[in-house]
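Look for chain A in each of the two complexes below; its partner is chain B in the first and chain C in the second.
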Partner chain A sequence: MSRPILSVRKLAVTFAQGSGPDIPAVEGASFDVGAGETVAIVGESSSGKSVTAMALLGLLPAGAGTIVSGQALFRRDEAHEVDLLALPEREMRALRGRDISMVFQDPMTSLNPVLTIGEQIAEVLTTHDGLTRRQARATAVDLLARVGLRDPGQIVSHYPGQLSGGMRQRVMIAMALACRPRLLIADEPTTALDVTVQAQILALLRQLQAEMGMAIIFITHNIGVVAQISDRVVVMYSGQVVENAPVRDALDGPLMPYSSVLFRTVPTYDAVLARRRRLPTIPGHVPDPRHRPQGCTFHPRCAHFRPGVCDMFRPSLEAAREGHEVRCVRWQEIARG
Partner chain B sequence: MTETFVSRLVRMVVTLAIVSVTGFLLLHLAPGDPLAQFALSPGMTATQLGVIRHQMGLDVPLPLQYLIWVKGLLVGDWGRSFRDHQPVLTVIFGHLGATLELAGTASLLATWVGASMGMYGAFRQGSRTDTLMTVLSVVLLSIPTFWFGLVFISLFSVRLGWLPSGNIHAVGGAFSLGDYLRHLLLPAVVLALGSTAIWSRYTRNAVAEVLGQDYIRTARAKGLSPRRIRYRHVLRNALLPMITLAGLQLPTLLSGALVTETVFTWPGIGRLFLDSLEYRDYPVAMGILMFSAVLATFGSIVTDALYAVADPRLRAGRQ
Partner chain C sequence: MADPTAPLLDVRNLTKIYPRRKGLFGKGDDFVALDDISFTVARGEVLGIVGESGSGKSTAGRIAMDILPRTSGQVLFDGVDPDGMDRRQRRAFRRRAQMIFQDPYASLNPRMTVEQLLRTPLALHGLTAGPAEDRRKLVAALDLVGLPETLLNRYPHEFSGGQRQRINIARALMLDPALVVADEAVSALDVSVQAQVVNLFMDLRERLGIAIVFIAHDLPVVGVISDRIAVMYRGRIVELGETVAMFTRPRHPYTAMLLNAAPAPDSAPAGPMAARLPAEETDGAGGCAFRPRCPFAIAACATGKPPVRMLEGGHMTACLRDELVIDGPLAGQSCR
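Moving on, here comes the complex of A and B:
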């Protein structure tokens, strides 16, 4: 892989509360995103995947309560590299929506209900590319056509309430790609949509990526989607990256016990049809971030738990082989069987 | 749309009918007699009083009096004042200007100051200024208008001598704008106080709610300037509940004017109403009552219309 366009090192996000213990939402997350690559970040709710995305764009609620540390080097162009976590707000704003943009989960609430679709797309272009309003509107029509909306000339003057969920998500994508960003962060972009629409949106993202060449960070808890869209998978569990591998390696031979059981929770057609196996579930819950277990945070739920080892030592992320990292003390024993 | 408009119209008529019956009954049930002023005149005989009573239309049974009054109302004859025999509408319009000037100024003041306070508080939630404004609003809302009126007069007019304590312009002097504004300032501020507090609380909540919406996060993710996010994304949405408040504040301002005009001897509708009650001037009192009722119901209709203009979701529903 060539030099990554985004290199996240030891990202940590803590929400300090006035009363009560601090909440470490993300603990030392590190991963790279190559140019034009799609990296899926998967994990259950409260695993820290959305917080990671928000931290990268500097969108976490400002204030004394939020403490972000670490480094996230982003290559703006061939010559310039910036640390997203240290960038002044003013420069960060110039970068948001232009070099890195974001698509959110719920297209029903993510568009402003009182502004037309055209206005909402055009303002990105007038803000970042210095287009006139007239030019921006014309470009907005082109963009709407590009994301596969029929009658783009009509839709620019529609309000979000007049469009379906799938159409709105296409609008969100058009808006995010308006300035041809190098990196698109998609935070569960298909979760709120019907299954058939989900497939269309995924196909659209892949098609646009092929045309425009942007890298994508795809945040999801849907493992089925991971296989379809990503080149690399980053598995997060209770605020930590527990496995990071090329998608084929990860799905075929996950090394971390959490990843392997997570990937097996996906129903496959054959298995469901044959009713031969019940879908495995992971016993227990994701630990409360305020009271994470000693040692490996997954040990209370792990089938390979060994007392005196897993609950004593906090494993670090180690390279199992080239490009494949795992956070488990016992991965070698487990792999040997 | 036409259906809601018709039902709205019907509701308006029913409301007005209830207001008129209640008002009419209350006025006539209250002790006192419009003829009291004539009865004390020297040399007034019972026969003469009877003639006056007949001229005023007070010698027929109450229900009939009501019907005669309603019939007049429908053909545009609101009756004549018992006091100076002027047509009621002429009397009302003669005093309307002063009230509109006072209430208009107060409402502009309250909206501007209150909405600014609310926005400031919402953008800096939890700050010391925000807390201070919350406390201030509660204080303003808890103290009645007349108290502020009296305190302001005693402070600014009596003790400091900065501003006149009443009337619309200096007695005997020629009209000048400066003089008029000096007279307007105190009553307008006093009338605005309560409204300002309401506007401030309401705006703060409306803006705070919009700030938590997903589409504001989207706007930030687009890299828009804070200024653009505030004015274009936040305020456009917060405006909707504020329009409702504007409609609700209209009658409140009129009733507030009643007190303020009395305290500051401002020659508007509010004072005219109190005077007409004192003199048992039924036609004028009923006229003002109906006039305010029409204004209030009309306000809510205008509010709804404005709402449809401001909110594309409602417009879309109608297409």
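Moving on, here comes the complex of A and C:
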């Protein structure tokens, strides 16, 4: 892979509470995103996937309670590299929405209900690109047309409440793409949408990516969506990256026991045909972040658990082969079967 | 007792219309939430109902449970319509037909312990049989859903989403239901928890012979657990049939579109059906409601609502084009 556009190293986020124990939401996450690449971050609740995105965007609640460490080197252009985690707020604000932008799950709460769609898109353009209001409005109409909305000239004067969920998510994407970002961070952008609308939005993102060459970090819990959109998959479990591999390698031959059983819990058409009517499950539940198990955090739920090994040492993320990393001390034994 | 071979639930020509007025006295277009839908659920059968938001799938479930009034049509539970039931029959109906909702956080009273939550239905139905017997029932219900009895004194906030949904299911089981209507009961859960709850529904069906109406938008999940599936679009059932047959050769283009758009880990990237969707829907008034989005629409589709056609194997479709052969995700794999 050529030089990555984003290189995250040992990202850690801890929420300190006044009285109770600290909550280590993310514990040393490292991964790269190549230029024009789509990296899916997959995980269940409290895996740390959304907190990772918020940290990269500098959107975590500021204050003494939030402790962020590590490095996230973002290549702004060929000559300049910045550490997103060390950037002063003023510079971050200039970067966010221009070089890196974001789309969230709920388009209703992300749009301002009392401003028209046109005003909201224009705000992005006048802030970052210094366009006049007239220019910004014209550009807004263009952008709405590009994300496949009919009558963009009409929609600019609509309020968010007048649009359907799918249309609002298209508006969010139009806003995110307004300044042609090099990186788009999308956190469950299609989760609240109907499946046919989801298919449209995924197709739209792929098409716009091909046109503009931006990289995408796509955060989701939907393995089917991962299979459709991503080049690479980063699997997170209880605050850690546990596997990182090209999408087909990850889905067809996962090496970490958690990824492998997580992917199998999702119903496939094979299962429908076989009339098995039982899905593979993972026993137990995701550990409370305040009381994560010793050793490998997945060991209490793991079918390959070996006492004295898995519950003693926290495994590091190691390269199983070129471009495929796994966090499991037993991966070689397990792969041999 | 009704005929044991007759369907447990028999819904006939159900229609639900919400009148819409323009201004205070003006007349507006009525909104037809359900348009003449019919389906049956056999004892111990799992019927999946799928469709997108606004398709009427939840409305159908709620009217079948008699918690939402209908405009016209019949609902027969064991041969009797809840509309014409006397007090005693209605009470029995409320016991034997239970509903599980999507949000496991909103459906449990936060000030009650698990024990109180599970005892309440017994008390409401006058089924208390003494402390020891009731306790045995509580523990048995918790055991069925895979929760230990040590949780009886805990409050809902102490549980995860998956555990709360199990408590909801245990509460429904306290009354020995014959039918459970589950409305998006696994949609809010994490993938691994969703698999656990899906399996739990399958256990209930096998061990207790409970019939299930499983309302959801996730086609692969519905496909795994359902014997038959009803596909709804804009208030109508556009296709109803046995699961494998439907996934092999969907008879309605909308079913094909849904199957094509619903990604499973082993499905091919969305094909031409999904890509052909128009950006936003236009009104299909007067003809087939799906016509504006349908790649197979012909002139006749605009002239009137397509009638429901019965095909072999009890399969039904509301598409005029009976010569269409559309491959589903299981095409070429099943032996049919």
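Operating definition for what follows: the second predicted complex is superposed on the first by the 336 of 337 C-alpha atoms of A that agree within 3 Å, B and C clash if a C-alpha of one lies under 4 Å from a C-alpha of the other, contacts with A are read in each partner's own complex, and residues count from 1 in each chain.
Here, a contact is a pair of C-beta atoms (placed from the backbone, for glycine too) under 8 Å apart; a residue touches a chain by one contact, two chains touch by 3 or more.
Treat the numbers as computed from the prediction; the structure is a model and nothing was measured.
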item: First, second, both or neither for A:V195, with chain B first and chain C second; value: second
item: Touched partner set for A:M167, first chain B, second chain C, both or neither; value: second
item: First (chain B), second (chain C), both or neither touched by A:L262; value: second
item: First (chain B), second (chain C), both or neither touched by A:R330; value: neither
item: Superposed model, chain A: greater residue contact from chain B or chain C; value: C
item: Partner chain in contact with A:V225 - chain B first, chain C second, else both or neither; value: second
item: Which superposed partner A:R292 touches (first chain B, second chain C, both, neither); value: neither
item: First, second, both or neither for A:R98, with chain B first and chain C second; value: first
item: First, second, both or neither for A:T127, with chain B first and chain C second; value: first
item: Chain A positions touched by chain B in one structure and by chain C in the second; value: none
item: Contact footprint of chain A on chain C as seen in their complex; value: 52-53, 160-162, 190-196, 198-199, 202, 217-221, 223-225, 243-244, 247, 257-258, 260-267, 269-270, 274-275, 277, 279-280, 329-330, 333-334
item: In the complex with chain B, residue positions of chain A that touch it; value: 57, 59, 93-98, 101-102, 104, 106, 109-116, 123-124, 127-128, 159, 161-162, 172, 175
item: Sites on chain A touched by chain C in the complex; value: 44-45, 148-150, 164-167, 194-200, 202-203, 221-228, 251, 261-263, 265-273, 275-282, 285-286
item: In the complex with chain A, residue positions of chain B that touch it; value: 213-215, 217-225, 228, 232-233, 236-237, 240, 310-313, 316
